[in-house]
Structures are given as structure tokens and as C-alpha cells.
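Both complexes below contain chain A, partnered by chain B and then by chain C.
Let's turn to the complex of A and B:
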């Protein structure tokens, strides 16, 4: 207790020097938590949006389907297995047929991906009911990105050309029946959603699909080798990896900030050991062990860290709470980065993040506080009393 | 006398007596189009909304399976090379110094902004093996008397399910063509503006190819020089030529 009291009295006695150290450390502490919260929020927001509108509780992929290889799309279709048919009939899965086509808008050729989906599906949070359009035209649902890039409005006609499963050209006008607003660019940019049956007819792929999306409440079952189940974790792996990479890039900033704070503490400790050598000599001469003196000095450093956490909590908590509640506006370019974030990002600050960052700061402060005090262990009390220091 | 001229001559003699059938005309057209080897220098004029570009190239063609094209101008396209071997098409870009295999949906993209897609370039020019032809009328095109042929694909896997051809009655050369989708929508059209006799054969030397779904005036092709049955060394049709 005496050690703590002594250490506390010493750092408070140091005045401005202590508060400068505390300020720098608290800035590093709050910035790390704030930035990490943004990345966690980004991950959570993107994952939730993707699960809601496209990934569901996982997807069954036709064996040749590779979303990153558009060349594979022409071969990626097969009839649903009896198990998948049962899921579809019980409203636990929805089939989607994907194919490539070319859209013609004035003098522009736009390569597009057509996605056929049952208009009455309830698995994905998509306004597919709009595809129940009774007109003779093929109804099409698009997203705002597609509408913007192709300059389309509701009611507009768009000519599309495709080659059916036999390689025969066909063309027709589709009518834009609805423009949806979504944060997920995968289902929006260069994508036209059509009624599944109509698309199966267009491509002569009766009862076939490219993938089937499961609802989140159902357990996947084993199916034939023509299909494979892709769990949500695998589907979201890219988002996680991207966020992880961004976190790693941001950690350079954390290291720099923390380094600034730690260098201040280290410097203070080195100076304290040098300037307070008479005090050290007196304490040892009075019978205090060197280990205990080191403990006092190390504790002084650690108390800097503790004060920084306290001060950081005082000014950082309201700020962080405000951002977590109202979110942060994202610039337009973020929308083109392929991350399903939307216009605002809502940071997520979990207990793990705050506790982890606090421990990291405290351990680092403890190490840099201890290092300069090691010289006390071989300090002769008489030399110290004389003000000598080796 | 080459085989195709025997066919064209016999059809011409037949036509004095009785009108040939659509299929016979189609075979004569095929015979006129195909030659063993040819070296062609062309100009392709691509008309945009504001300006037009002229792309010059030199092509070496062996039958219907092999072709090698090198683009000479404009400077942006100069040095670009294309090699077609059977069903495969490679393109070499000097800017990136890379050779790309054009496949899948890339084949549907336009060749240098023209109305022609890579798929169109890959197409077998022969028609008789794939289409049943009927004479549906007669018309005068560019002052030439033509038969109008309606072509319907013989099988389910032919790219254009129907076509309409205007074939010169004397020269057995296509003067005009329309290609249709399965739904009957017109997709591509071709109009011959000039025909010249080259090495004893009638050849369309100036034609306009148009993607009917695109707004615009179409792409003009002008053959500036043509060498039929030319000697082409085998190494021209190898991938190593692309990076030379």
C-alpha cells in the first residue's frame, strides 16, 4: 500500500509532465478503440446485409459455379436435387439461375448478369414481388447502381441479347418494374433480376438453377455430387479477410500512436531515475530493497497508463457513444469498393475490444516503465547519495 | 479450274434453263466465299457519336480454321495481334505485353469499339451445312438483280436461328444480309457497297456491318488489297507470332 501511495504522490507531484504523458497515452488509447470499432462495424454491417439479401443461411452451388469466374457461368446449371426441391417447396430455400447477357442502351453495350428468382420467394430480403408484373414484357428488377450506370428508370425498356444453352442468339426487351436500394453491390451492379421461370424459358433450362439459397433456420443436408453446400462463414470469408487486411494496415497507425505515448513514459522514467538518484540512495540507505525501489518507479509509470485509461474514458466514451449511435457518413467512393456498407457506418464497440486495448496499453506501459529502472539494481547507495550515477 | 468455279458455272448454266434451288444458291455462295489461303489488308471505319476511327489491319487466313491479324493503326491499336485457331482466339496487346485467350462472355464484346464482336469473327463463314434455304423473292440491290433467300437453321445449336440473304444472281455473292434471333428480332445486318473481281473471283471489297441493337451507322470494312490462294508459312499461325 505504501508503494502505491508513494508512487501516486510522486506522479501527481510531477505535475504537467505527468498530464502530458497521460494525454498522449489517452489519445492513443481512444484512437485505437475508435478505429477498431469502425472496422468491426464495417464487418458486421456488410455481413448482416449480405446474409439478408443474398447469402441467407448458406448456399448450395452447382458444382461448376464459381462466382469469381464468369466464364464458368455458362456451364453452371443443373436441375435441383429432390432434397433441394423439398426445401424450395417448404419455403426453406430459393433457387437462383445466373447467366450472362448483353444489354443495349443507345450506342452502349453493357455486359450484364441475369439472375432468375421466383417472384414469391421469402428467403431473401429482396423486393422480388415486383416481378409479378402482369404485362407481356419480361419484368426486370434492378438496383440503384445499375439504374444509375445504365440511366434507367421504372417503366423503361432495355433490350437484352443472350445465347441460350444451345448457343442460339435471342433478344427481347425487358421492362424495369422496380429499382431497389441496396448496400450490396453484388446483387446490384450490372445485375438484372428476372422471374425464374421466364429466364429458364429464355435459356431453355427448364427446372434448372445455378444456386439455391437456404433460409437461416434450416440445417443443410447432404446432396448429390452435382451440388455442394457453401456455409455462410465461407461466403463471408472474403469480407472478413478484407476487414482483417484493413485492420492490419490501420495497426501501423496504432503502433505509431502508441509509440509516441510510450516514448514519453520511457523518457520520463529515464529522467526520473537520473534526477532522483539521491532519493533512490536515501531509500536504499534507509533499508528499502532495490527491488522495492524498482517497484515504486515501475508503478509510477504504470499509474501513467492507468490515468490515461481513466482520462481516455472520460473524454472518449461520450465521443464513441455518439458515433456508435448516429454512425458516420461514408464518402461515395466507398460504395464502389465492393463493401456492403451503405451511406453510414455504425461502429461496434464490444467489451472485448475495450478490454483488449486496455490490456495492450497497460502491458506496453509496464514494459517501458520497468526498462529504465533496471539500472537501480546495480546502483551503489553511497554513490547515489553523492549524486553519482554509473 | 477450281472446284468452286465449276459449281458457280454449272449453276449459271442451270439458271438459263431452270431456277436453282435455295440450297444450290447457298452452296455456290459458300464456294465463292471460301478459298484456301488469303492475305487481306483492310480498313475498318468505326463511327462514333462524335468522331470516327479508322483501324487498319493485315490478315492471313487459311481456310475457315486459322487466321492471324495484325493491326497497324491507329497508334493506340498498332501492334495488337489476333490469332484464331479453330475454336480458340488469342489477342496480344502490346501495351500490357500480354496474350489473352478470349473466351466466354468476352467473345461477345465488341472488337475495338466496332459493331463486330469476337464471336462474329469466330463464326464459320459457310452457310450451307447449317441452314436450309428457300427463295422467297427477288430484288434489286446496288443495281444488281438478287434472289432473296430465307435461311432457317437445320439444328438447335446454330448461333442465328434464321437469316435473310440477298444474293447476286450472276455473281453468287451476298449483297445484303440480315441475321435474326430465335424470337425474330433482327440482330445484325450487312450491306455490300462495292464488289470487285479479284483473281477471277467476285469479292465484296466494301461493306457495312451493323449491330441492329445498337444505335449508330455501323462499321465499314474496306478491303484495300487481297491476295487469294497465297503462300502462307505455317509459323504465322502459331502463338509465338503474337509476341514477335
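Let's turn to the complex of A and C:
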């Protein structure tokens, strides 16, 4: 208690020097939480959006399906297993057929991916009901990115050419019946959503699909070797990795900031041990052991960290609360980063992040506070009283 | 017997290793006995070993050879913790440069030894004000050392040294930075404390003003006791 009391008295007595250290450390502390919160928010928003519009509660993939290999689409289709068929009939899963095609828009040729989906499905949060178009044309649903890049509007016709399962080329006009707004670029850019049955006819793949998306409330079951279940965690692994990469890049900034804060504390401690030798000698003469003096000096550094957390909380908490509530506008280029985030990102500041960052800051501060004070253990009190350090 | 041998220094030598393998002998076979309640001084020119002797008696340093017994305790056998406890409980120090903690107020400086002894806040407050009354600075309790004169700072240091009512006060050149008026003032205070509280004072000095107050003068020269005389002080 006495050690804490004296350390507290010393750092408050040091005035401006203390507050400068506290200011730098608190900036580092708040910045770490602020940036980490943005990436956590990014991860959460992207994951939620992907789950809602495409991943659902996991997907069954036809065994040859590889989302990173477009050419695999030619082979990756099969009839649904009886178990999957049951899921579909009970509105617990929706099949999707994926295939490659070429779109002709004016004089432009655009490689596209066709995705066939039942218009009445309720599993994914997609406006597929728009595909219940009664006209003779094949209805197509696209996203804003596709509409922008191909300069398409609702009602426009687009000629598409495809090669069916027998290797025969065919072509037809599709009519854009709806343009959806989505944050998930993978279901939007160069993608045309068509009614599943019509697409099965086009490719002569009756009752076949590439994948089946499960609803989030159903438990997956074992199926034949032609299909494999991919859980949401695996589907989201790429997003998590991407966010993690971005987090690592951002961490360079806060490591630098934290480093500056720690240098300030370290510098203060080194100077303190050097300039306060007479004080150290006096404390020893008054009856303190060297170990206790080391404790006081180390604690002074640690209290700098604690004060920084307190001050950081005072000015940082309202700031990050405001960001978490109102979100931050994202610039246009973020749309091309491959992460499903909206026009605004809402940072997530959880207890784990705040506690973890606080512990990180405190451990770092404790280490740099202790290191310079070790020299006190070699300090002769008689030399210290004279202001000497042998 | 205990009162007669309050401080007992036997065949004490203190050597310091210097550069290039040389050795500096600060104290050379010193023998000395100080009785309880004495107002004694170790005098001699600079480098004669006065401060070294006081540091050894105050358990701030260990002799190279010989033994020092203070209040029945062999100081050379104390470990760091016991040595700190000995200083904390029994010895008050007064330094030439006051050695006050500049960021602390007068009150906090004087209070420090009692904090280490674990006194309660009320006990500390009462004792600090009493000690400051002794040195005539009760009205400056909230001041910082930087706001006081040299003489006032040394009076604060005296208050800090006597607050725990130690049996021994070691004063190392306490008047070296003070003018005659301030020197006499603080010497009067110390003589009064010695007289009325029975605290033993041992000075290290070459200041004639201090010497004129001493009742016993031990002269050191090149680390050896050359004379040890009881003198009549004018106080």
C-alpha cells in the first residue's frame, strides 16, 4: 500500500512529464482499440452479409466444385441426394446450379457466371421472387456492380451464349427483371441469377445442381461421396484470413504508436534512475530496501500506463462509442477490396478487445518500467546520497 | 554498560578499490566508543574519513574489516533488509545538502519515515506537526522545499530526522551550506533536542561553528583517530 501511495505521489508530483507520457500512451491505447474495432466490424459485417445472402448455414458442394476454379463448373453438377432433396422440399435448403456463359452487350463480350436458383426459395436473403416473371424471355436478376459494368437497366435484354452438357452451343436473350443492391461482390460482379428450372433446361441438367445452401437452423446430415458439406466456418475462412491480413498491416501503425509511448516511459525511467540517485540514496537512508525502491520506481511506470488507460477511456470511450453507433462512411475503392462491407462500416468494440488491449499495454509498460530500475540493485547508497552512480 | 557503549567501533578499516588495482584507505583501524546522549562530532579535513565513519555507523555501508556495534546490534552481520529496518527504527540522518524530496511538501517529507514505520494517518499528522513545531516551521507544512531558504530546508531535514524519535542522529556537515545565523539556529535546535529528548548526536564537520557546540570532539586524520577530547561547549 505504501509503495503504491509513494509511487502515486511521485508521478502526480512529476506534473507535466507524467501527463506527456500519459497522453502518448493513451493515444496508442485508443488507436489500437479504434483500428482493431474497425477490422472486427468489417469481419462481422462481411460474415453476416455472406451468411445471409450466400453461405446460409453451410453449403453442400458437388464433389468437383471448386469456387476458385471456373473450369471446374463444367463437371461440378449432380442430382441432389434424397437427403438433400428432403431438405429442399422442407424449405430447409435451396439448390443452386452454377455454369459459365458469355454475355453479348452491344459490341462487348462479357464472360459471366450463371447461377440458377428456385425463385420461391426462402433460404437466402435474395430478391429471387423477381425471377417469377411470366414473359417468354428468360428473366435475370443482377446486382448493381454487374449493372454498372455492363451498363444494364431493368427491362434491358442481354444475349447470352452457353455450352450445354453435351458440348452444344446455344444462345438466348435474357431480360433484366431486377437489379439488387448487395454488399457481397461475389454474388454480384459478372453474375446473372436465373430461374433454376430454366437453367437446368438450358444446360440439359434436369434436377441437377452444383451446390445446396442449408438454412441456418438445420443440422447437416451425412450424404453420399458425390457431395460434401462445407460448414460456415470454412466458407468464411477466406474472409477471416483477408481481414486478418489487413489487421496485421494496420497493426504496424499501432505497434509504432505503442513503441513511441513505451519509449517515453522507458526514457522517463532511465532518466529517473539517473537523476533521482540522491532521492534513492535518501530513501535507503530512511530505511527502505533497494527492492522496495525498485518496486516504487517500477510502479511509477506502471501507474503511467494505468493513468493512460483511464485518460484514454475518458476521451476515447465517447469517440469510439460514436463511431460504433453512427458507423464510418467507406470510400468507393473499398468495394473492390473483395470484402462484403456496406457503404458504412460499424466498428465492433467488444470487452475482449478492450481487455486484451489494456493487458497488452500494461504488460509492455510494466516491462519497460522495470528494466531501467534494475540498476538500482547495484547502486551503493553512499554514492547515491552524493548523487554518484558507480 | 549499554549506555556507555551505545556506539562501539572496533578496529574498523574501510578500503575502496580504485582504478589500476590501487586501494584507497578511508578508515584505518578506528576504535571509538560513544555513550548514549552524547553530542559529539568527528572533525577533520576533507578526505579524512568523517563521512565514511558516519555511513558505517548508520549502516549505510559495511566495514572492510573490524566490527561496529550500535545499540547492541552488530551492523556487519545485518543483511540488507535488517540493515534497512535498523536505519528505519533507530537512526536519523541529516545531510549537508538536506536531501529533501523536491516534489513533496514539507509535511510529506517529514512524514516519510513514519509512513515506512506504518503509522496511521492521525498519528503521522500529530507527529509531523510536533516535529515541525520543534524546528519552528509548523506554518510552512504545505510549502515545497523549493519555496524555502537553505536554513529552513535544513530545519525540515532535522524534523524528518527526529520525527520517529530515533536514539541516534547522524549529521553529515549539516551547516556546510548555511550562513552563520542559520547555522546557529539549527545548532541551537539540535542541542535542544539532544538536551530535552536525550537523542544522541554524532556530527561530521570541519565547521568551527559546529565544533563550538560539541561536547566531545573526535579528530580524524587520514582515516585514523588522532585525538578524542571532551570539551566545554558554550551552550
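Everything below uses one rule, namely that the second predicted complex is superposed on the first by the 390 of 390 C-alpha atoms of A that agree within 3 Å, B and C clash if a C-alpha of one lies under 4 Å from a C-alpha of the other, contacts with A are read in each partner's own complex, and residues count from 1 in each chain.
The rule we apply is simple: a residue touches a chain if its C-beta (ideal position, glycine included) is under 8 Å from a C-beta of that chain, and two chains touch if they have at least 3 such contacts.
Quick caveat, the model's predicted, so the values are computed rather than measured.
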Open item on the list: Should chain B and chain C be called a clash or a fit once both complexes are overlaid on chain A?
Closed with: fit
Open item on the list: If we overlay the two complexes on their shared chain A, which of chain B and chain C does A:102 touch? Say first, second, both or neither.
Closed with: first
- [ ] Quick one: classify A:238 as touching chain B (first), chain C (second), both or neither.
- [x] neither
Open item on the list: According to the stated criteria, A:171 is in contact with first (chain B), second (chain C), both, or neither; which is it?
Closed with: first
TODO: Check the residue A:381 against both partner chains and state whether it touches chain B (first), chain C (second), both, or neither.
DONE: second
TODO: Examine A:83 and indicate which partner it touches, taking first as chain B and second as chain C; both and neither are also allowed.
DONE: neither
TODO: Look at A:282 in the shared chain and tell me whether it touches chain B only, chain C only, both, or neither; answer first, second, both or neither.
DONE: second
Open item on the list: With both complexes overlaid on chain A, does A:13 touch chain B (first), chain C (second), both or neither?
Closed with: second
- [ ] In the overlaid three-chain picture, find the nearest pair of C-alpha atoms across chain B and chain C and give that distance in Å.
- [x] 71
Open item on the list: Residue numbers of chain A touching chain B in their complex, please.
Closed with: 70-71, 73-74, 100, 102, 104, 106-107, 109, 111, 159, 161, 163-164, 166-172
Open item on the list: Per the contact definition, I'd like the list of chain C residues that touch chain A in the complex.
Closed with: 51-52, 55, 58, 60-61, 80-81, 84-85, 87-89, 93, 95, 97, 99, 101, 103-104, 108, 112-113, 115-118, 160
TODO: Write out the stretch or stretches of chain B touching chain A in their complex.
DONE: 48-49, 103-105, 108-110, 153, 156-161, 179, 181-183, 185, 187, 211, 213-216
Task: Residues on chain A engaged by chain C in the complex (per definition of touch) - done: 2, 5-6, 9-10, 13-14, 278-279, 281-282, 284-292, 380-382, 385
